[in-house]
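There are structures below to look over.
Same chain, two partners: chain A is paired with chain B first, then with chain C.
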Partner chain A sequence: MTRYYFWLATRSLRRNPVLTALMVAAIALGIGAAMTALTVLRGMSSNPMAHREDRVYRPQVDNWSANQPYDEQGNPPNLMTYQDSMALHNARKARRQAAMFPNFLAVEPANPEVKPFLATVLFTHGDFFPMFDVPFLFGGGWDRQSDDNNARVVVISRAMNDRLFGGADSVGRRLRMQGEDYIVSGVLDAWQPQPRFYEISSGAFADVEDVFVPFGIGIEKELTSSANNNCFSDPGAGYQAWLASDCIWMAFWVELEGAADAARYKDFLDAYVQEQKARGRFPRPLNNRVNTVAEWLAQQRVVGRDAQTQTWLAFAFLIVCLINTVGLLLAKFMARAPEIGLRRAVGASRKQVFAQFLTESGVIGIAGAALGLLLTWLGLIGLRALYGDTATGRMAELDAGMTAIVVLAAIGASLLAGLFPTWRACQVTPALQLKSN
Partner chain B sequence: MLRMNQLSKVFRTHMIETHALRELSMHVREGEFVAVTGPSGSGKTTFLNIAGLLETFTAGEYHLDGVDVRGLNDDARSRLRNEKIGFIFQGFNLIPDLNLFDNVDVPLRYRGFKAPERRRRIEEALAKVGLASRMKHYPSELSGGQQQRVAIARALAGEPRLLLADEPTGNLDSLMARGVMELLESINEQGTTIVMVTHDHELAARAQRNVHIIDGQVSDLDDGPRLAAPRPAAAAANPAAAVNA
Partner chain C sequence: MAMRPIFSALMRNKAGLALIVVQVAITLAVICNSLFIVLERSTRVGRPSGMDETGTFTIDSLGFAADYDVRDTIHADLARLRALPGVIDATSTNTTPLTNGGWSTGVTTEPGRGVDSSGVQPAAMYFMDEHGLDAFGVRLVEGRAFQAGDVREFNQNTRIQSSVAILTQALADVLFPDGGAVGRQIYGIANDNQPVTVIGIVERLQVPWVGWTDVEQSVLVPAIQIDGNFSRYLVRAEPGQRDALMPQVEKALQDGHSGRLVRRMRSIEEARTRVYRQDHAMMSILGGTMVAMLVITGLGIVGLTSFWVTRRMKQIGTRRALGALRGDIRSYFQTENALMIGFGILLGALLTYGFNAWLMQNFNTARLPWPYLPMGALAMAVLGQLAVLGPASRAASVTPALATRTA
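And then the complex of A and B:
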């Protein structure tokens, strides 16, 4: 009977093309708007470390002022001081650990045809790469010894490798930055975690850095973060005073063995802070955290309220579209009361009438899904054109998962819209319809 | 075939109770052609709707081909309706956007026949009413008489034991009405029981038995078959020839 119902549905929809087009357009517009907004929200809300959710953690310690909390929600500072991140790193209480801060270095290409330019640089420890499961096109990261010796090694992004070395395997080749030569130890494969969870202070949806340099070299060059450097008191003069201050500017990540290990690491943080309290630091009550990536992104509100509001509004619009579709379907189905009466008289049960008319709603949903998909795609193109290189623009990509969601949502929405009209169709009294026609 | 005992039907609103049928008893034997007559509002249509399982009744008993229909759920009533009953309505009730083949196909779809069996039955039914050559036509392309013949073909395709006709000639001119009536007589001769509701005494006189309903009760019941009006011999042998005339 399903084939028969589909056949009847397509005939019925072809009979009244204007009404059909209106219903399909209503579903498609609602779905297009809702799915465009949802695609952006989903992209922003995604967790690029979901596959290592029980391994990768972001510790936080509250070294902030006795006079005021770091933020209104009572969260610990979102960055760490140099001295705390170094202490935690050197304690090596995690399987892997890496501190990091961003800045820029001027690249002086060997190729005279390529002009010098400023590259974005992340100063970090070698554990960064295995901890975050970073894919390499050529070579790899550096070892602990290179960290300890401030070895002049670098990992460069694939785009940087294309720009400087024409995409060739550049492992072992020299890269000159600000008067110093570095040896390329690895070239990243395509890697663009969205959000860029590990360093959100310079933009949660920014590109991955061009160059990765051993952490100590940044300190040796007396650099600070090019993103956020926050202090609650005067750090004093000079770089050494800066390093010894309670100013926060480091991101610090660890790899642990699982949730139980996270509890152990939290105990370690508490013990460390108690020890620091004894030395006159950390005046606030204990407020240390060991966050998963998801917890970290939620705490930092990486997804803006605007994106959430926009999604709610788009779904409200979808509801308006569905209500319109309910009205149109109701009019269409009720106009066919004589046919329903006849079908009931010749042996169709209520269930069969229900199935027939719900199938018709489903067919409208399939057509709505096709048009809705097109509108979503156009909507995302529009967003990319409007917002370009911003978070919204970057998230405006339709993947296979979202395509499936669009199709299922359109069919689901049309079935939902068809439920009431179909139920009403089933309530038609056949005797009344047959006599009056 | 159809046995009703003390059947009552009361339509209730929160203000009024209307007794459409009052302890109506009727027995239609297999193969009979019964005409049900009565003035407007007498309960004829309610009787026909209950007989056709399109409405339930308030009290009494109704056995259709030996099946007690009290307490049957919607699925069971629908199945019984589909297997045992064919309907012919005054307004034909064809589905306008289906061609003749697909209109006749409607009850067969709910019976669950395979495509070849449906095709055979549809072709036979349309041939029986003289419209085999117009299977791909739509109802709007036919005259009123032809549309009623399609409706008869639709009723016949399921090979029902009982044909219920509600003013089957009410929308037709006298020539077409005669053709349709001859077709019904021919179908009855082949063994199908027919119960026809009509206002038309001439038509009623052609049935084997008349039942008169007034105020929801049978007021005059012939208890034995009688001869119908004389019919043309050709029509009896080939009903299509008669209606095509």
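And then the complex of A and C:
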């Protein structure tokens, strides 16, 4: 019976190729637009630390000016001062803790064939690697002693290892940067969390740094952040004044044992800030937070305004396309009321009419889904061309999960569009149709 | 034309009516909001930076060798750059417009007020030497340009030492609303208490951050930063010479000192393309969506109306037989269409402002100015009439004889 309905459907669709093409095109265009936008939105909204959601937290303390809040939403500053991140780090009230800031160092390769180049560097503590569950290809991070002694050790990215050491196990080898030798302690495996949740101020969808260096070395070199240094008052002259200032430039992360532990850490933060208030800092009302990664990404509005707007508009477009298809199918099915009447009169049940016409809309749906998938793919190519190497351009990639969503959405949408016209077709009363003719 | 029969006929076809009304409503909401965003972005990307964009480019240098002396290198580099044929001028600088990276401060006309106090004007700082105005290609409208004696070197320990500055017209206007900025003193450049004398005003120089509200509030400071072995140069080429000059400049700097990295050579035109890339993309996408939506909605109306005409062939024939003229039939369908589009516009007005409210609440966008809705409604009405033209003509051409035949 299904084969017969299928045969009927293709016959009917072929009888009116323009209308059929219009319906398939409408579904495909709507699906293509909506799924292209959804792919980007889904990419931007992903949480690379989802598997450690109740472990990894971003503390925030509000050291901002008495005269103005940090932002209009009343959030605490997005970064931390040197003195606060050091105090929190050294208190070691969390299982793991790491402060970090980005900058650059010039790499002088031992191989004379490779020209010196500038590497992006994250100055951070050794806890960074286990806390974020960073995968290593060779070796590992560094221990607390290396942090304390500013040991000249580095962790390098896989790409960096390929470039400098031809992909070999370089653990223990030397890497010369700006006139100093460092010992390679580990090589990262492919690790590219998107969004790069831990350091958003230099670009939420930027690449992971090339080189990781113990935090204290950056301070010893009197560096500031290459991304964002923000002051509400004059820090004064010199690097020591800079370190003692209320200027914010550090990202600070902790690993805790779950929600209860996070509440405990929040109490610790509050106590710390109260103590600082007694010393005349932190003029604003108590406004400390211990964010999960998801909360942090939401607060920082990592998902772009344009991506959200586009998704809304694309889904509005999809609805218009579906309504169109409903209208056209309705017209087509109702024009065949006499045929339905005849079928019903010679014994077809409502159920059978329903099956027959749903098969017809299903065929349109499958064609629309296939074409819609193709259009999504083309749409993403278009987005990459338009956006290039920006966040949207990087997120415009189809993965297996998204492909499945596209196919399901397309078929679901077209069945949805087919349901109402099919139901109306079933309502045809045979007697009336036969009579009028 | 009597509305009543049309209206009651419409009410007997609620499904068809609803399909068209919802379609028109959504389309109206999308085109109004999209057009608003597109025009807003087009204004944003069209703002002039105030500098010569076609002839200029920047290039960075970072020394790493132990014997690298950044001060000597900067002076040698600038001499080398200015001597190159095809170079109008060159300066060391910290940043340029259209890069989204730079140094901002709060400027006031009174001493001792922090950057966070009220009445302090946010401003971007551009460091340059006495060749700076020429290299940027900004237009001095009042006062004098920098002279060699104005330029001070500084680093993190000495802080900014300059005692004179040039303001953009926009910054001068907010700091000195009554005019006469030249010769007056401002605070917040060196620090909150040290006065800096305004010696000139340039017509315009945008801040580096294109998203700033006060996008033309900049202050030009005669200073060279000597810190961290880093230097950046802005080079202005003679018309048409830029692309030929860029590789020469790169080579000249690299040859000048081998213990450094010469990198990030970028024309200001490229910086503009890069910084507004998302806006251009958004404009293309929204423009495409608007066109696609109008086409789809138009075709949908054509399709449904054709179907209704077909269904009513006999009825039309009967009316013609009873004396209705072709024009009556045509105007029946046109009026019916106008009525449906009208309902759609009513619902669409709600959706339009609903979507606008969502944008306002989430992204601080402006309220949709009122002319958009009537313009959009007019566009929908025209679209509807265009779409009904074919089916209505077909209906009008039905012969009265059809009424007597069986279908």
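Remarks
Here is the rule we go by: the second predicted complex is superposed on the first by the 418 of 437 C-alpha atoms of A that agree within 3 Å, B and C clash if a C-alpha of one lies under 4 Å from a C-alpha of the other, contacts with A are read in each partner's own complex, and residues count from 1 in each chain.
Just so it is clear, a contact is a pair of C-beta atoms (placed from the backbone, for glycine too) under 8 Å apart; a residue touches a chain by one contact, two chains touch by 3 or more.
These numbers were taken from a predicted model, which means no experiment stands behind them.
By the touch criterion defined above, A:Ile183 reaches neither chain B nor chain C.
Judged by the touch definition given at the top, the superposed model places A:Phe232 against chain C, while chain B stays out of reach. In the superposed model, A:Leu416 makes contact with neither chain B nor chain C. Legend: residue contacts after superposition of the two complexes on their common chain; A:Phe317 is shown touching chain C, with no touch to chain B. When chain A is checked against chain B and against chain C, the one touching more of its residues turns out to be C. In the superposition on chain A, contact of A:Leu342 is made with chain B only, not with chain C.
Looking at the shared chain after the overlay, A:Ser65 reaches chain C, while chain B stays out of its contact range. Judged by the touch definition given at the top, the superposed model places A:Met334 against chain C, while chain B stays out of reach. By the touch criterion defined above, A:Ala370 lies against neither chain B nor chain C after alignment on the C-alpha atoms of chain A.
Shared interface residues of chain A (contacting chain B in one complex, chain C in the other): 437.
Here chain C touches chain A in the complex through residues 15-16, 19-20, 22-23, 26-27, 29-30, 33-34, 37, 62, 64-66, 114-118, 156-159, 191-192, 228, 261, 263, 277-278, 280-282, 284-286, 289, 292-293, 296-297, 299-300, 303-304, 306-307, 310-311, 355, 358-359, 362-363, 406-407, going by the rule given at the top. Within the complex formed with chain C, the chain A residues making contact are 19, 22, 26, 29, 33, 65, 67-68, 104, 106, 108, 116-118, 178-179, 222-223, 231-234, 237-239, 242, 304-306, 308-310, 312-314, 316-317, 319-321, 323-324, 326-328, 330-332, 334-335, 383, 386-388, 390, 392, 420, 424, 436-437. On chain A, the positions that touch chain B within their shared complex are 1, 4, 11-12, 15, 338-339, 341-352, 430-431, 434-435, 437.
The touching residues of chain B, when paired with chain A in their complex, are 45, 49, 52, 54-55, 74-75, 78-79, 81-83, 87, 89-91, 93, 95, 97-98, 106-107, 109-111, 154, 158, 166.
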